[in-house]
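Next come two complexes built around chain A: one with chain B, the other with chain C.
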Partner chain A sequence: MGKRVLLIEDEPNIIEAISFILSRDGWDVDTHANGIDAVDKVIARQPDLVILDVMLPGRSGFDILRDLRAHDGTAALPVLMLTARGQTKDRETAKALGVSRFMTKPFSNAEVLESVRSLANGVEAPQ
Partner chain B sequence: MGMLNVLVTVSLAYVTFLFMVAFFADRAAARGRSKWLQSPLIYTLSLSIYCTAWTFYGAVGYAARSGVEFLTIYLGPSIVMIGWWLILRKLVRIGRSQRVTSIADLISSRFGKSNSLAVVVTVIAVVGTTPYIALQLQSVTLALDAFAGEEVTPSVGPSATALWLAVGLALFTVLFGTRNLDANERHDGVVMAIAVEAVVKLVALVAVGLFVIWGIGGGIGPTMERISQSEIARWDVSAGRWMGLMFLSSAALLTLPRMFQVMVVENEDERHLATASWAFPAYLLLMSLFVVPIAVLGLEYMPDGANPDLFVLTLPLAEGRNTLAMLSFLGGFSSATSMVIVAAIALSTMVSNHIVMPIWLSTQGSTAMVAGDVRHVVLLSRRLSIMGVLTLGYLYHHTTGGGEALASIGLISFAGVAQTLPALLGGIFWRGATRVGALMGMVVGFVLWAYTLFMPSFGPEVFMSETFLREGPFGWGWLRPEALFGIASSDPVVHSVVWSMSLNTFTFFIFSLISFPTPLERLQGAQFVNVFDHSARPGSWSRGLAEAEDLLVMAQRILGPSEAQSLFRSEAVSQGITGYLPETTPEFLQRLEREMAGSVGAATAHAMVGQILGRASVTVEDLMAVADETAQIMEYSNQLEAKSAELTRTARQLRAANEKLTQMSVQKDAFLSQISHELRTPMTSIRAFSEILRDGGLDDAALAKYAGIIHDEAIRLTRLLDDLLDLSVLENGQVSLNERVGKIGDVLNQAVAAAGIENSRLRVVRSKVREDLMIYTDLDRLSQVFINLISNALKYCDAARPRLEVSIRDLGDTLAIDFIDNGSGIPMASQDVIFEKFSRVGSDQAAGGAGLGLAICREIMHRLGGTVSYLPGQGGGAFRVILPVTVVRSGR
Partner chain C sequence: MSRSALTGSRIRERRSMMEMRQADLARHVGISASYLNLIEHNRRRIGGKLLMDIASALQIEPAALSEGAEAHLVARLREAAADGGKRTEIERVDEFAGRFPGWAELVVEKQRRIAALERTVEVLTDRLTHDPFLSAALHDILTAVASIRSTSSILVETPELEPEWRGRFQRNINEDSQRLSEASRSLVSYLDGVDDIDASSTSPQEELEAFLATHDFHFPDLEESPTEETINQLINGVDLLRSTSAQALAVSHLTQYVQDAQRLPLTRLRSVLGTYGLDPSALAANTGVDLPLLFRRLAALPKELEYGPIGLVVCDASGTLIFRKQIEGFPLPRFGAACPLWPLFRALSQPMMPLMMDLTQAGRGAGHFRSYSIAQAVGDVSFGKSMRFEASMLVIPEEAGVEKDYELVGVSCRICPSATCGARREPSILAEGF
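For the complex of A and B:
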């Protein structure tokens, strides 16, 4: 194990919850709380997986995803997208941009964990 | 078989012949083969209806009684005719260009289409003509009697003769006078028939004359000798009477309805006048040539007491020349019938057009005009009018029973219709003539004529008593009918003509000067007086190719090139002409007008074709019709424009509504999306941590921490729901205000206490000035606004030592409560959006709000009648709450 997850999320309590769940499962969790330099952060850290919020201060999660997919090093990087807006339109936008998996808040911890595990192990190819 | 029966048979045969002439002439005209009908000779002969039975029989009687004075009756018209260039040409030109149907029409048309004027002229014409028609009936009756005198028992009585004659004439006139209703009111059949009759009467009179000179008088020499010995030869000439009579007969030529009919209305070509100017006087000369010999020999040979009016008939009879007598009878019959027929046509046109039709139309309202075809009504009215005119003539004859000398009736008639002369001549030569002048003049003249001549002519005790005639009304001698203002004349005709005509003219002149013409009168006046400037020389239409070319050019503009060309080509083909330019036949012109009328309206089309043909100047009527059409088109296009504008407006409204709905839908989506986000975020934390707690295996510290998070997020959720509900209630206006009086300082105290700043570093500084103002409003809501503003400062003021100054200012008609902190404030770009829902400046989620606070504040202040706004330029975050001063209950 010891695989690295980068959590890009601005809500402190949610950061705390996801970090706790993944750490407990043996993941190395790194967090980042704003959208402006998120892409740089991903490229710099080279995580095995990114958990990305949609509504981020400074820059939308969709824009970050688009940049990641456009960048060679991160084009195939598994990205799990989380959103609280939960609208069908958002899900379709994410799919079109090449999201690996899309989840709506609130989520069950087990679900998040299962998603991270399968994405990181390459069970699920990026869409 | 007696003479009378032969005569009746011959007469019937003659009448049948006339019917056939009229019928074939009409048919020829209808087939367009009427060229020979339109010769100047026919025109001249038709003018001979001037010579009625009065002149045929009466001239001899006149000469027998008054010598050569009868010549005045021929001289007057001859002078007018020879001088045709002066007046007749103008009348004919006007009649043509204005499409005049009668003298009443011409006069009314000249004076602004005044129907009252037309009615007056019509009345004068009917009153003046009716005795004349009676006279014709009487002459035929007398002539028949002359024959009947030879018989033991007349087969028919005199009155019955007149009745049958009237019926027959009515039949003929209806048949041939109302066959068509074309604009120019021409009657080819009738004109042809009266031309034939003109020949018959001339031949008859000349034949009698020749017989009298050579058969009775023994040749020219002896006859001349007899004449010089007779009283007739004594030139006992009264200059006044000669002048008067010549004037009357000249006027009659111009104003008699029947003369106007044949001379102007039936005129085919202005140039015919030139021929008639010598041919007609020549005809009159021939007609008068033998009058004196017949009169002289008649007086000599006929027994004393024989009616000289019938010498033309009785001289041959007395000599046993029955065939000649019969010819003579046919001559007189022709004279009488042609006059009656044309007079009936002319009068019926006037009566129908100016009396019957206006009345009928006024009873129909506007529907008749809309319905379009009033032709059958016009025809019916025309026919009834003809019968009416002849009935009047018959009744006049029946009631007066004849007896008067023929000539005197004729002169009285002349004097009556001459009353229209000043208006007629004034109308075509003097632009200053007005409707009022014409009307007054004619009425004055007509009344004077009736008073001084017409009524007295019936003799005492018919209209006027013996005393009245001798001493005047109420014994006022100066009003004696036959000696007005004490000026007695030996001659009632001259007396009446002088008075009526001079006062008529004078009144016409004076009233024209003092009255103002209407615009239409002015226009018409100019058209009439300057008719030669306005209209090209009509003539018979020169049907040239150039004309067709011009028409084609015009038609192309109206109809479009291809349609116009195909119209012209198809016409040319149907005319059997190679090429594309057809002959401009009347049929083709009508067709062209119809085609163009579809595009530009009938009046415009007519005017345009008329312009090209140089046939007529554009009449005011045409212009009016064009204006009407234009107005209708404009009205229509205005309506279309209005409709189009309305549609545009509706479309714009729909578009706006649609945009608004779309915008609302977008806003709603955004709002739902925001609410979803704001609700799901705390829910996510709550769910995640509660699952962690459920998983167990946590130490006490972690347990407490995570339980605390769940608790805080639950509260956040509740607050959010409260805010949402609050905002919803405020926005929907369902909020009920709990207004009461309180001190503004107390409200601030309460707010500061509730804002939860006691454990923070924020210091609230209050100036205390005006804090003791008493206000009447919803104090709890106001406090809610204050709390929001204070807690915003608590959340967002980024100064090292945050500080919030609260001060109250009196702005006159408003009260301002300012909240100014010492932080970095809100960027200019965000100042507008901070009052929107879910708008949060910066990324500070920890501030905990959902971004509804200021939106709620704005709604509350709106309900309280005030505002809350950002106050730029204060260094830090600055908000101003404004309350209307009306809430202030008392001063310090």
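For the complex of A and C:
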């Protein structure tokens, strides 16, 4: 089984597209569509990497990231943040909270793949 | 040099324009040339019959030579200098206005134009930063574009894609393109309304404020024995109240208006205003109403009473502005948080404590205002229940030229030029831009 990615995103078609490209690349993809219990989901699933949208129903990606960094088991977990808000302020907020990488929509599939690979396993895709 | 000195400079200017010799003008009005010389060099005051005679000889209205117009011009020039003219020779402003009235008018006009443009920039920037509709529309568009881009890449770059997946992704693209088209159309429609900044309302609260503004915040029909039908007649079919939320806010506001008018009728308010003037403490003490109610009644005074513009802003315990009546020179933020230095927020931390503070807004033409603030519990107060607080701040313009210490405040951090403010939350777009 490949390494595990948890995709926390509420847009069904983006979930489907990212899940598809990561699955084809050998990743075991799990998804979650709301912010309220996202932290619990991460702790329960213990993924190798999280892809986290900023604007989620119930709770923002920033709040989730803050909690993940405060929790011993997820403090060092690689988190790739996706957002439609590319403002400098958001980027700085994410950086201050300890994001691993920040990517603005619209992104290319190649960018997502490259980021996931390099964050989770150096530059190699998991097999 | 006193302001009255200007008159002499204007006489000299006008005489020169008419190519009239000093001696000729002096003879025409029956004074010596040397005395006229003293007048023209602002060493003798002038008024009354002599001013009338000189104005007549110079074929100009006496008012054009007298202090009133000049004082107004000089006041505007002083405001322009206060707004950033660090190297202006402020001590020679009278001379400048008197000798070069045309240039002085131009400076004043340009200053007025700059202030208007700054306001436009502020409103648009504020909207771009905080407007919830714009933010949501752009988020929808970018999300749809991201999905289409990702999905179409899969279709193009995966030739061996199974028919089931291909069909599913094509459906997704179709869905997203429809969403994109709706979001784009909605955004264009919204931006079309930006031309008229002041008339473009984006939230129910703004719709309500636009509606109230068209009535000058005063409703004669609600002052005496109104019925529920009276309120309905005022808001039914009003274009400015487009959303049902705005209509609900309007009903709530006008219902409160009726209750306030019953507790403090306009006739009674006029009477005590005639006795005590715009002194909220005296007015409240002599009418028996609480200050927030009094503030609301003062902000709803009819224009014909000629008490001038009276602003009012109300916030809830979170600091969110829930009512705004803006007046010239003291703008209020349309979106986002206001200046934390406002006494409105200080009042929240000292409930029931009336605060009076003299204010001037940074970079705002040095307008001066007296503010009255108080925070008070609203709704039912009972044991065992937490109280809900609201704060109100009444803002009344002050006459120019009153010498006292004014507290420097802003509108909101993002559009405030006060670079060294310790209460700043975020950088200002104006600090460097203007």
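The working rule: the second predicted complex is superposed on the first by the 120 of 127 C-alpha atoms of A that agree within 3 Å, B and C clash if a C-alpha of one lies under 4 Å from a C-alpha of the other, contacts with A are read in each partner's own complex, and residues count from 1 in each chain.
In this text, a residue touches a chain if its C-beta (ideal position, glycine included) is under 8 Å from a C-beta of that chain, and two chains touch if they have at least 3 such contacts.
Small disclaimer: the values here were computed from a predicted structure and weren't measured.
Novice: Would you sort A:73 into first (chain B), second (chain C), both or neither based on which partner it touches?
Specialist: In the superposition, A:73 touches no partner, neither chain B nor chain C.
Novice: Please indicate which partner A:58 is in contact with in the superposed arrangement: first for chain B, second for chain C, both, or neither.
Specialist: First partner only, chain B.
Novice: So in the superposed three-chain picture, is A:18 touching just chain B, just chain C, both, or none of them (first/second/both/neither)?
Specialist: Both: A:18 reaches chain B and chain C.
Novice: Let me test your reading of the model: by the given contact rule, A:34 touches which partner, first (chain B), second (chain C), both or neither?
Specialist: first
Novice: Indicate the residue numbers of chain A shared between its chain B interface and its chain C interface, in ascending order.
Specialist: In chain A, residues 11, 13-14, 16-18, 20-21, 55, 84-85, 104-109 are touched by chain B and also by chain C.
Novice: Within the complex, which stretch of chain A touches chain B?
Specialist: Touch residues, chain A against chain B: 10-14, 16-18, 20-21, 34, 55, 57-58, 84-87, 104-110.
Novice: Which of the residues in chain A end up touching chain C in this complex?
Specialist: These residues of chain A touch chain C: 11, 13-14, 16-18, 20-21, 24, 55, 84-85, 89, 104-109, 112.
Novice: Show me the residue ranges of chain B that touch chain A in the complex, using the header's touch definition.
Specialist: Touching chain A from chain B are residues 669, 673, 676-678, 680-689, 691-692, 695, 709, 712-713, 842-843, 845-846.
Novice: If you look only at chain C, which of its residues touch chain A in the complex?
Specialist: Its residues touching chain A are 135, 138-139, 142-143, 145-151, 153-154, 157-158, 165, 168-169, 172, 175-176, 426.
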